[in-house]
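Would you mind keeping the following structure in view while I ask a few things?
For reference, chains read A, B, C and D in written order, and residue numbers begin at 1 within each chain.
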Amino acid sequence: MLKNVQPFVAGYRFGSVGVAHNGNLVNYMKLRAMLEDNGSIFNTSSDTEVVLHLIATSKTRPFFLRIVDACEKLEGAYSMVFLTEDKLVAVRDPYGFRPLVMGRRSNGAVVFASETCALDLIEATYEREVYPGEVLVVDKDGVQSLCLMPHPEPKQCIFEHIYFSLPNSVVFGRSVYESRHVFGEILATEAPVDCDVVIAVPDSGVVAALGYAEKAGVPFQQGLIRSHYVGRTFIEPSQKIRDFGVKLKLSPVRRVLEGKRVVVVDDSIVRGTTSSKIVRLLKEAGAKEVHMRIASPPIIASCYYGVDTPSSEELISNRMSVEEIREFIGCDSLAFLPLDSLKKLLGEESKDFCYACFSGKYPVQPKEIKVKRVGDFVDDGLNGSLESIDGGWVQAPQNQDAQKVSEAGKLSSLT
Amino acid sequence: MLKNVQPFVAGYRFGSVGVAHNGNLVNYMKLRAMLEDNGSIFNTSSDTEVVLHLIATSKTRPFFLRIVDACEKLEGAYSMVFLTEDKLVAVRDPYGFRPLVMGRRSNGAVVFASETCALDLIEATYEREVYPGEVLVVDKDGVQSLCLMPHPEPKQCIFEHIYFSLPNSVVFGRSVYESRHVFGEILATEAPVDCDVVIAVPDSGVVAALGYAEKAGVPFQQGLIRSHYVGRTFIEPSQKIRDFGVKLKLSPVRRVLEGKRVVVVDDSIVRGTTSSKIVRLLKEAGAKEVHMRIASPPIIASCYYGVDTPSSEELISNRMSVEEIREFIGCDSLAFLPLDSLKKLLGEESKDFCYACFSGKYPVQPKEIKVKRVGDFVDDGLNGSLESIDGGWVQAPQNQDAQKVSEAGKLSSLT
Amino acid sequence: MLKNVQPFVAGYRFGSVGVAHNGNLVNYMKLRAMLEDNGSIFNTSSDTEVVLHLIATSKTRPFFLRIVDACEKLEGAYSMVFLTEDKLVAVRDPYGFRPLVMGRRSNGAVVFASETCALDLIEATYEREVYPGEVLVVDKDGVQSLCLMPHPEPKQCIFEHIYFSLPNSVVFGRSVYESRHVFGEILATEAPVDCDVVIAVPDSGVVAALGYAEKAGVPFQQGLIRSHYVGRTFIEPSQKIRDFGVKLKLSPVRRVLEGKRVVVVDDSIVRGTTSSKIVRLLKEAGAKEVHMRIASPPIIASCYYGVDTPSSEELISNRMSVEEIREFIGCDSLAFLPLDSLKKLLGEESKDFCYACFSGKYPVQPKEIKVKRVGDFVDDGLNGSLESIDGGWVQAPQNQDAQKVSEAGKLSSLT
Amino acid sequence: MLKNVQPFVAGYRFGSVGVAHNGNLVNYMKLRAMLEDNGSIFNTSSDTEVVLHLIATSKTRPFFLRIVDACEKLEGAYSMVFLTEDKLVAVRDPYGFRPLVMGRRSNGAVVFASETCALDLIEATYEREVYPGEVLVVDKDGVQSLCLMPHPEPKQCIFEHIYFSLPNSVVFGRSVYESRHVFGEILATEAPVDCDVVIAVPDSGVVAALGYAEKAGVPFQQGLIRSHYVGRTFIEPSQKIRDFGVKLKLSPVRRVLEGKRVVVVDDSIVRGTTSSKIVRLLKEAGAKEVHMRIASPPIIASCYYGVDTPSSEELISNRMSVEEIREFIGCDSLAFLPLDSLKKLLGEESKDFCYACFSGKYPVQPKEIKVKRVGDFVDDGLNGSLESIDGGWVQAPQNQDAQKVSEAGKLSSLT
């Protein structure tokens, strides 16, 4: 997405405005067509440019009201920060799909970031979240809050806790480290198996694996190492492309695996191809049994709110039962985090999260066929007919004591 | 060391030769001066160029005998691989300071690498080590072994097991993972402490920390995260500079540390400044107590055989007692791996390793003042008068039951 | 003008359009303000972008009518070529300030260029000029001509013949080579002087100098060489910036100049600083006398139609009499091409040319204060009060037979 | 010649030395082989590196005597300047093939250059030539002259006056402008023809064309223009490659040529292909007759002393008679500058020049087969059997009054 590089800077008659944006609009094409009909010229295929043109064509004054005016036309997920010559304006969509937090540096400067770990890095203190539907205007007179368009029930992206955020972040008011540790504990409780060692798919599976190991009372070891290493020279990817579902080359540690019954914990399964390679790696390195535990429910529907998921056709959990996936991957048993358990864990706040990728029920209906823009995937958006499959797990058939397979994720069917 | 980038390629009258080199010569300056007096022109300050000129000026024939001729003039640590148009030649110095292994790809091609993990990455099978003092010539007729200059007792670098090699490598015939795990177990046995959680300084301290946690029966957690992360964008160092003693920015995980008595395991202490920062980080993130455990003995002498250590003056263990270091670092207790325990662990092979950095006793005497070349440290090489300190540890004075401090590393003096 | 590099490409809803533009709008700022008020976002400060936005906001259909619609709002000088996926559209402003010709390649392809010499280079045959106020639409059905807005009297830029075009071009139906040769002949007739050699300021003065030499019967020599040469290596400017009035470093040829009475012919004088340096160069190289002859009338007013002239304040002919200029420059005599002679030479077509830079009478009134855009000059546009000075010349006072100076360009006042 | 880029810098034990070199060694391969046998490693295929290694292996002291020692081993053409930390050393080979001049800046700094025009550009004053076989050492104590190896008769390259040097230079004590002007005058005298206009092949033929025009009393015009011009944008070659015999794209000026009998003057003919294209260009632009006059004798032998000539096989004058060349080129008459006339013009100094390319008689015998190095031509060096052809000319057969053709260059045979 070379042309769509952040941050954008637009030159308006009243001055230059820089914008950073995280999310995805579901009415992008409709808005772009409307703007082009009225004479706007687009240089990129990014959501951000739509916002910039909406601001330019707004008849409202002053500038931050133009932003409000523009945002009222947007549908979908967006967290945005605007920088003008004398103001910093932060906006979060009414559903609050993407996180956005406010911090303060020791010199009093207000900063915004997606994750609190970014605040830590620049030694800023976390102050509070930007609320769903809130517009925050920061200038020399301080911070002023405006209501964009409140929404009774936020729909925060659960995948921030499963995969995106770093474990040292606090996202949507919860510790990511704790979420993942508990995901692992739940897996150990609901899908236990006799094993000698617990390992993780690094880095995103590590905390859940530690939770599993602790709960199961089995030692955690470094059975897989991320290998950015060739000979004596490090070949680090100059830019880690954060493609969801793609993982770096992994190297197994024979010493840890040889002759062992191994539980391997990963954060999620997208297409299933990586999992399949990992199981083969572990078996070739001598693992006697490989039991895969996934610290999220099965993904059955493509995301329309900013997560770079492939189309539904490519999602393995959309095409196969848990037992079929287990067979495809080649592991001895496979279990996902049950969606019910996930919701129970979230408790009161459960209703404030978006589970569209697990259920196919979209809080904001995707009205347009997903069009392939640079760096995107094509999708026909027809997820309506899919039956929702809550997390489930299945034992390999050769393990006779795990005959009953719960396709609907009823964990109680185990043993 | 921009100008000294590997591999070197030299154009000789008889063809081009590429060279990769790992190690450090102790008679570099003498050899360079001798060569320049005879008309050789140097483009870099690397050991490799000395070798290339020695080969060029050798009167011996054929090519691999020129290499032998050249190597007989070298003193110090070197593992080298030469590539000519029809031959691959691998050489390891008589002491075998640096590792060098031979592997074979599925198509029969012979490959050489420092670590076995590099063989894994290119899917080659480990065959055997290149022996100290051995010259291996590979061509279409197969592999031929020549004896360069045998040495009764190898002096393999123990730091390969402590820090350099990846845990999935087998180095000098031993699993690096197992070495580090046992280092951690020894620390848990010889320098135990009441604690709630064991964490590691990533990445090199992780395996020893797992060993410590397992032996101590205390959960291991990810209390420190390597932070190559700013906001939503990854800023990965385009080239990780493998400066010994320098670590990437680390972020603490408050959830793991808050109110806890923490054991933190690191691989070694060089100048002590990083350890000091880590302790402060952990305490600021809420750790009630911080107990540092180091999975190697104290480093008191600079290395002359290829490890990029600072001069002895800068080595904290050369200047301070263990108790003074503990105070400098600010932790509640500090313990190193005792050198005796390390040797006992190595058993029979103990005598085949070099411990110069822990003892100041150099197997090949450094004859020259270390001269600052690009990327190197200056050192006067005068370590003779230092008293050797085997690993020791010390409890913070406020812990009244740990009054007696063993400067000589007598672990039995604890409580 | 890095950001304003040609050609521009705009992505419209109906497809991409590339544009090349030559000229200058006098109502740029008014149009830009109007467009920005309606929500257009500008990325550059070029006239071209104004045109692109006017096309985007036009409600007319189809595309070439949008162009007509846009052009009807433009005031000033413009020759433009648009390339869409299936059409090539060429437009020339109603006054025809800038040249624009149509050619045809041997394969039948229609091409447009400013000068015929560009057609020669790509081996295209000159067909005809695009007429002032004409819109030419080229597609698979052939060439179609539309009338934009005819103008009874074209106002073609006379400077194309004086400086801009290459001598091998035919511009506005006349040979540039012949124009310049005759300019030189007129100077030799109307401002003769005893001399030993005629030289040119290369490259633009060469043809006029040849005309002068031939008419005067005095040998032409290469007395000045454009020096893009240092030592044995050529340092060619990677991009010759065609700043009007700026010339490359020139080197004198002593052999040609020493002890000689020299006539040096240049195309024009803008600020006078370059002429002053040239006279000094020639004298230092031994010239006994230096007589400067300028193959254009004095420039007294800034151009608003695309020629990159400085503001009137910086034009030496606007501030000084011919005699004062001669003194400032330091030459022994100085003569300009009289405007009357120039007009007489053009004959019937004389009324079809713009002489605003020589007279201050603008065919299209500049309505805006010239605003400093990237690469432009600031000008207040107040040239109305200037008295027009036709070409004149003056002999240095020491030449007693040339006392009477004609400020109004009455050449008859000579001797 | 990317790898052989000037200036070279070598790091010696006693310091760094920068070198610039102009010329060509005839014993390069012998010297390189000798040096490589003794252990020198070469990075490039340039003459300069041979010199640097000879300096490095010299046992003489101090540095400038090492240079003398090295130069005594060189055979061929070289002008070199060395820069050490405290000295500037200039050397010219005993035959003085290539020019080398010393100048002084107004601050007293001594500078060296190939041509005096380079001195002009940096505003240095020409002081004197470096003599053939001279070594000049410049340091804080002033300029010291040493005799390298005197030679009774210098052999200066006549092509400096014909093509290489700029007309405003003084080379080997003679004005290049005057040389070329006289070459043209001689051609007008010895090979006259009825014509309407004299034109030049720019840039190197201009001065000779002016000489011809003046002597013949026929007007000189700009009939060919160097075209680095496309449309309104200049496309200047970022680096003019000074390949001998290659010329930039030329554009004819129809106005000058149409219906005219044209004399076109060029500096030399190498392969004949460019001349052939020029004649076709001129005829297509309407020239009635094209008479080519070449301001140098026919080139029949490849140069071994630094001029980048193709092999003898590719030299058209080596393969064809003047009449055959005329026919190949397609002009109506053709004449070269007779070698005798050239020598007569040089008078006393005639014996101090090298005419090897016109005669095949080499002052320093080329001992080696010319080997293709980067940027060079291959040549077998077998020029010994070629008969020398002094300049001659020939009229086209259709011009009945020019029947008698002098193959041996007897100009008197004309008419």
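In this text, contacts are C-beta pairs under 8 Å (C-beta built on N, C-alpha and C of every residue); 3 or more make two chains touch, one makes a residue touch a chain.
Protein identities per chain, from UniProt: A, B, C, D = Amidophosphoribosyltransferase.
These figures come from a predicted structure and were not determined experimentally.
Put simply, the chain farthest from subunit A by mean CA position is D.
Here the spacing of subunit A and subunit C, counted between their Cα centres, is 61 Å. Work out the mean CA point of subunit C and of subunit D, and you get 38 Å between them. Across the assembly, subunit C contributes no residue that touches 2 or more other chains.
Pairwise chain contacts present here: A-B, A-C, B-D, C-D [touch as defined].
Listed in rising order, the residues of subunit D touching subunit B in the complex are 10-13, 33, 36-43, 52-53, 56-58.
The part of subunit B that touches subunit A in the complex is made up of residues 6, 22, 113-115, 117-118, 120-122, 166-168, 175, 177-178, 206-207, 210, 214, 219-222, 225, 227, 229-232, 234, 236-240, 242, 249, 251-256.
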